[in-house]
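After this come two complexes, each holding chain A, first together with chain B and then together with chain C.
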Partner chain A sequence: MILSRLLRRLPMLLAVVVTAATLNFALPKLAPKNPVETKLLEMAEQGGSLTDISGLIRSYEERFGLDQPVIVQYFSYLKGLATFDLGYSLAFYPTRVADLILKALPWTIGLLLTSTLIAFVIGLLFGALIAWNRAPRLARVIAPGVMALAALPYYLLGLALTYVFAFIWQIFPLGGGYSLMALPSWSWAFALDVFYHSLLPALSIVLASIGTWALTTRGLMVTVQGEDYMVYAEANGLSERRRFLHYGLRNVMLPQVTALALHLGHIAAGAVLVERVFNYPGVGMLLFRAIEQSDYFVIYGVVYIVVLMIAIAMLIVDLIYPLLDPRIRAEARQ
Partner chain B sequence: MIALLRYLIGNARLAGGLLLLGGLIAFSAIGLVVYDTELAYPLSAPIAREPSAAHPFGTDASGRDLLAVMIAGTLLTMKVGLIAGALGVGIGAVLGFVAATYGGWVDRIISGTVDVLLTVPGLLVLIVLASSIPGDLDTTDMALVIAALAWREPARQIRAQALVLREANYIRMSRLSGAGNLSVIFADMMPNLLPYLGASLVAAVSGAVLSSVGLEALGLGSRSEPTLGMTIYWMMLEGAFIRGLWWWVLEPIVVLVVLFVGLYLLSSGLDEFANPRLRTAS
Partner chain C sequence: MADVLQVHDLSVDYQLATGAVHAARNVSFTIAAGERVGFVGESGSGKTTVALALLGMLRHPGRVVGGSAQLEGTELIGLPRAAHAQLRLSRIAYVPQGAMNSLNPVQTVRRSIADGLADHGQPLAGTTLTERVALLLQQVGLTPEVADRFPHELSGGMKQRVCIAIAISLSPRLILADEPTSALDVVTQRQVMETFGDIRARLGSALMLIGHDFGLMAQTVDRLVVMKDGRIVETGEVRDVLRRPEHPYTRDLIASVPTLGERRSGGTLASTDERSPVIHLAGAGRTYGAGLRRPGVMALRPLDLALGGEPRILSVVGQSGSGKTTLGDIVLGFVDPTAGAALYRGQPIASLRGAARQAYRRDVQAVFQDPYSAFNPFYRVDRALAQPLLKLGIVRTRSEATARMQAACAEVGLDPDRVLGRFAHQLSGGQRQRLMVARALMLRPRVLVADEPVSMVDASLRFAILDALRTLRDRHDVTVLYVTHDLATAYRVSDHVMVLHSGAVVEEGTAEAVLREPAHAYTQLLVDSIPWPDPDRAWGGSALRSDNGSSPQTKTGR
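Moving on to the complex of A and B:
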């Protein structure tokens, strides 16, 4: 069953990844002046002080087979991407783009995975609660404020939180992944330091996305409450807690899991800017530095990898969906 | 007029959105008349001064007067949003209507493309696009860059609405009377979807403002124009936090919060107006 779902989803995943790769390939070529070549020329003119430019240019020409027809170039580019050959960084020449990304990726995944899951769970519970007939008064009072936070991009909230908690009150660091003095190691002290530094960036993502989830969940919960099975559950004398969690929330969760998959791109793009605000050492910061230095291969590499990760994450969400929805399992068994 | 007011009282979001955005527009329009916005450019004021009588909002580390920056920046950012949003809805409406009325392989190509492009994270593609264009992007270029992807949501939503309309009796009637596809789109569907198109324009403008400020905060905007996003970029780049220049941090945040919350309220308020089915849900 999982296999058939996988097969059904695979073409879409491929289409998305190939589209991203094609854009990376085509956009610099369509630009009036090829930005990569311009940058390379610029570096060659600055000459000596920099690293081995001629080696870089040779590897660039080889990689893209610039003497070949465009269509051949395109397919060799795709082949390179398929084997994660993302080329070299222009700014730090002998360093491979793939290595730079590999070093930054754990930071981003750690930050995004935890904050997205926390926001999703809290948002769902909160949204369902304010739609529930006998909601606590406190939930109703803070609801409009939480919803308004949904209008703000993560980084803006991040800036505001930095202003209050790191600038005025100074209880959190202004930024970074860990203290300047700390040496990365597998120790409790370092783990604690990393956790402490991740709190504000995570909080800005959580606060800004709770509202989005709460808003949609509230709408869904209102509909679910009108269903016959809710009336039946109440007539059977089931406890309010059971009706809320097992009858209401359970049914609201399904469409929201689909929405989560569709939202991943949004979340990842938002996180890029959050990392910039907090100088967080993930792929967002890598991307920002690359933009500052016109390091095109890093820009293209990061964008390609992030698109790939999102596509894979969407696939995973899609594959665990049957585990949440017994109807799909039953259908598959017949 | 009274009916309008009564409706606004019932639709608090719409009222709130109009109030916030109206306030912001009034601030920049009045500012444009009574304040010298030439001061929004570097070296036109003393450097890094706290708010004072001469410079009510203070100045930044490059000698821009921040009140002038907020006035000019709000207008520039709104301009980018309006151009990109209008182009997005325009292109999206054409594609959506064409896909829905022609159907068949035309529809399959259009909605297939939209589906794939909607899955690709927009801001990241825009980053590739904006960074591939050599030289400085002025605000008009920025609007065009954003419009390159701004048509995706409008195209999908308008297609869905037009598909519903296609089955309406009066559309069938006009088909039976021999109306062609174009006539059905312009004479029958468009007028009925006007409120909906309005709502999706506001949503598109809101999305475009979001993208443009995001791109600019990453340094991909115009280095010679004082937009709100570039103000955030300069502020972070030159370490306003570490240097203790609180006004430089606070002002763009406040203006952007008002702008984003205003656009969000207006957009969801208009949605409720254009899509009465939503009213029962809230």
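Moving on to the complex of A and C:
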């Protein structure tokens, strides 16, 4: 059943990706400036040693295939995407964009996937708890604090945490993905080092996003508590724990899982400013640098990866949602 | 016989900012072991409040302010929460009114039953659980396969029986059922009430049945308690109360029960000249969910119908899923027929544009089932009434509109000064539903589609609203399409009756002919299923159990 659903969803996924890729291709073409020219002019201003700029532009355009008719460029671009060939970085030529992204992606996914999932679970439980009629007093007391955290941007929280824990108390590193001394390898020592470096950025993301999850969950939980099945569960003398988890939270989870999936799609872009604050070697940092250096091809590459990830995340939701909601399962069967 | 429940001087207040509302005042009654006691009264009479107090489920600001309630010696009032929760289901079980949405949508029936057992000290699993669940389902007339279904895969009647299966899962001494059948059609209602009867015979549980239908009470309970404004006004054997009601309020309630007995003679008709019909269904039918390879579900088989001439009040009756609401929706232009045509003055309704569409919208009006959700809660009711008048260009000025509104309110028996200028939540269900009729009436429509207009209002108000429909017919030359599952009101109000079954017309004719001497077996079944307010009159003929394991039916109305 899962397989047939996957096959049915696949064309849609493909259509989304191709459309996004096309937009990604067309939009820069509409821009009045040519990225190569912009880059070279910039270099000329800084270095002042380039003489035959227009000749250079032509030779660069030839190398990047920019002198071909648009339609030819488009198809070779699509062909490139299919083989994960996203072109070359302008700033670090001849490094391939795909290599840059592939190098950064594990850092970002490792950091954001874990922290987003942790924030989701805590936020869901906490939000449901403060909406519950007979919530523990502790939850009620700390609720305003958590809500206030929701109003803070990640990076501000990150700055504050760095200042306190890394600068004043110096119990955590100031930034980076691993120690300068450590050599990346598959060893426990290195893994521990990575974990140690990821704690502060992860904490800032978790703290800042718990509030958002808690707020939306609270609203949903208030609605669910008014449902007939909640009243009936109470009338049947079901335990508080069962009513909260299996009747309340279980039904609140359904829309929240969709929200989570959409959210997860976005993490490929990294939490740009958090990674910047912690100097973390993820996609967000890559994107930040690319914007700074007008490295267009890297920007396009990152945007493309984000679209791809969102499309895949939606596909995964489509596939797991029937497992969560029997009503959807029935529709899917038809 | 020992008493299961002894309630003495129970009083419940709702403490509001404006002062205390006495929802129940000095209520005293007893229920003997195995006895069936019916609680009747209109909405707000306090019967549900008493039930909630017994269950320990009064919500803030409701509070028991005095009295006692003993369940076989256990004092319920003031019992700690946890202890009260343990009593619920194991000794006093509850069957809800809205069984439609009372089961957790993400759990199977098996899980729902198992949860109740587990939280009362019987955590069962595996084959022990399967056997227990199968036994419980069998006791309420359901097959064991139902255990693996989810709530959305069950019909309303089946869900209600699952709730009864849960209620009896720990053999309670008292079952408390709050309007358990008010959302069901007559045939399903009889099946569910028979299930209650079987259960009582087998377990000997006492039944506290809350309701407003004297007919249902007469057929199902031993003793009646009549409540009004939080007080018990009359109590006695069901026969005595029905035959010799002492309190004038009880008399009023009994008088408002529609039956197939007496019938007011129809007034003189305003005009009988033959004109072209306003709405003409020419072989119109509707199929849902048809695909390339699937035939789909035939909700309504092609039929011919003309509205706007004779007969003036046409009732369409049938169970849920019979296609009666689809018929109303086609006339209202909410759905297009997939076969034949629905014509407004000769034009297909779907093709109407501009002025013709405006004229259609004015000529064909609707009154819906739920008067609670028909008004926008943010505006005063005047707005809902005045808007169509101004939009359709019937009146030019506000003052004209107000004059019209006042006249229309008076015509449906409302005091304009008391209802206009208020918000919907400040009005009772009956007032709101009469306002909906008034709203339709002000536009001077030619055709009015009334889909279950009285199923959610108190019995005593039903006649006022139905009589307003008759007034419309007599004074304003309006044709009414009355869609209902309630045969008794159809009989009372209509000139012509059409019986729908599985999307097809099985019988039609004058109200007398169809309902007093039904020719078709299905009509016979519907008529037999009406509970008569007479305990000595047997309820229906052979018991029918067609609902078992059948495919889920569409939900009732809107």
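As a working rule, the second predicted complex is superposed on the first by the 265 of 334 C-alpha atoms of A that agree within 3 Å, B and C clash if a C-alpha of one lies under 4 Å from a C-alpha of the other, contacts with A are read in each partner's own complex, and residues count from 1 in each chain.
As a convention for this text, contacts are C-beta pairs under 8 Å (C-beta built on N, C-alpha and C of every residue); 3 or more make two chains touch, one makes a residue touch a chain.
On a predicted model such as this, the values are computed, not experimentally measured, just so you know.
In the superposed model, A:Arg8 lies in contact with neither chain B nor chain C.
Contacts of A:Arg58 after superposition: neither chain B nor chain C is touched.
When the two structures are aligned on the shared chain, A:Asp228 is found in touch with chain C, with no touch to chain B. Judged by the touch definition given at the top, the superposed model places A:Arg140 against neither chain B nor chain C.
Looking at the superposition, the partner that touches the larger set of chain A residues, chain B or chain C, turns out to be B. Residues of chain C that touch chain A in their complex: 55, 57, 84-90, 93-94, 96, 98, 100-108, 115-116, 118-120, 150, 152-153, 163, 166.
Of all residues in chain B, those touching chain A in their complex are 115-117, 119-125, 127-129, 131-134, 210, 213-214, 217-220, 232, 236, 241-242, 246, 249-250, 253, 256-257, 260-261, 263-265, 281-282. Across the complex, chain C is touched by residues 227-229, 231-239, 242, 246-247, 250-251, 254, 324-327, 330 of chain A. On the chain A side of its complex with chain B, the touching residues are 12, 15-16, 19-20, 23-24, 27-28, 30-33, 35, 38, 148, 150-153, 155-156, 159-160, 162-163, 166-167, 174, 218-219, 222-223, 262, 265-266, 268-270, 272-273, 276-277, 287-288, 291-292, 294, 296, 299-300, 303, 306-307, 310-311, 314.
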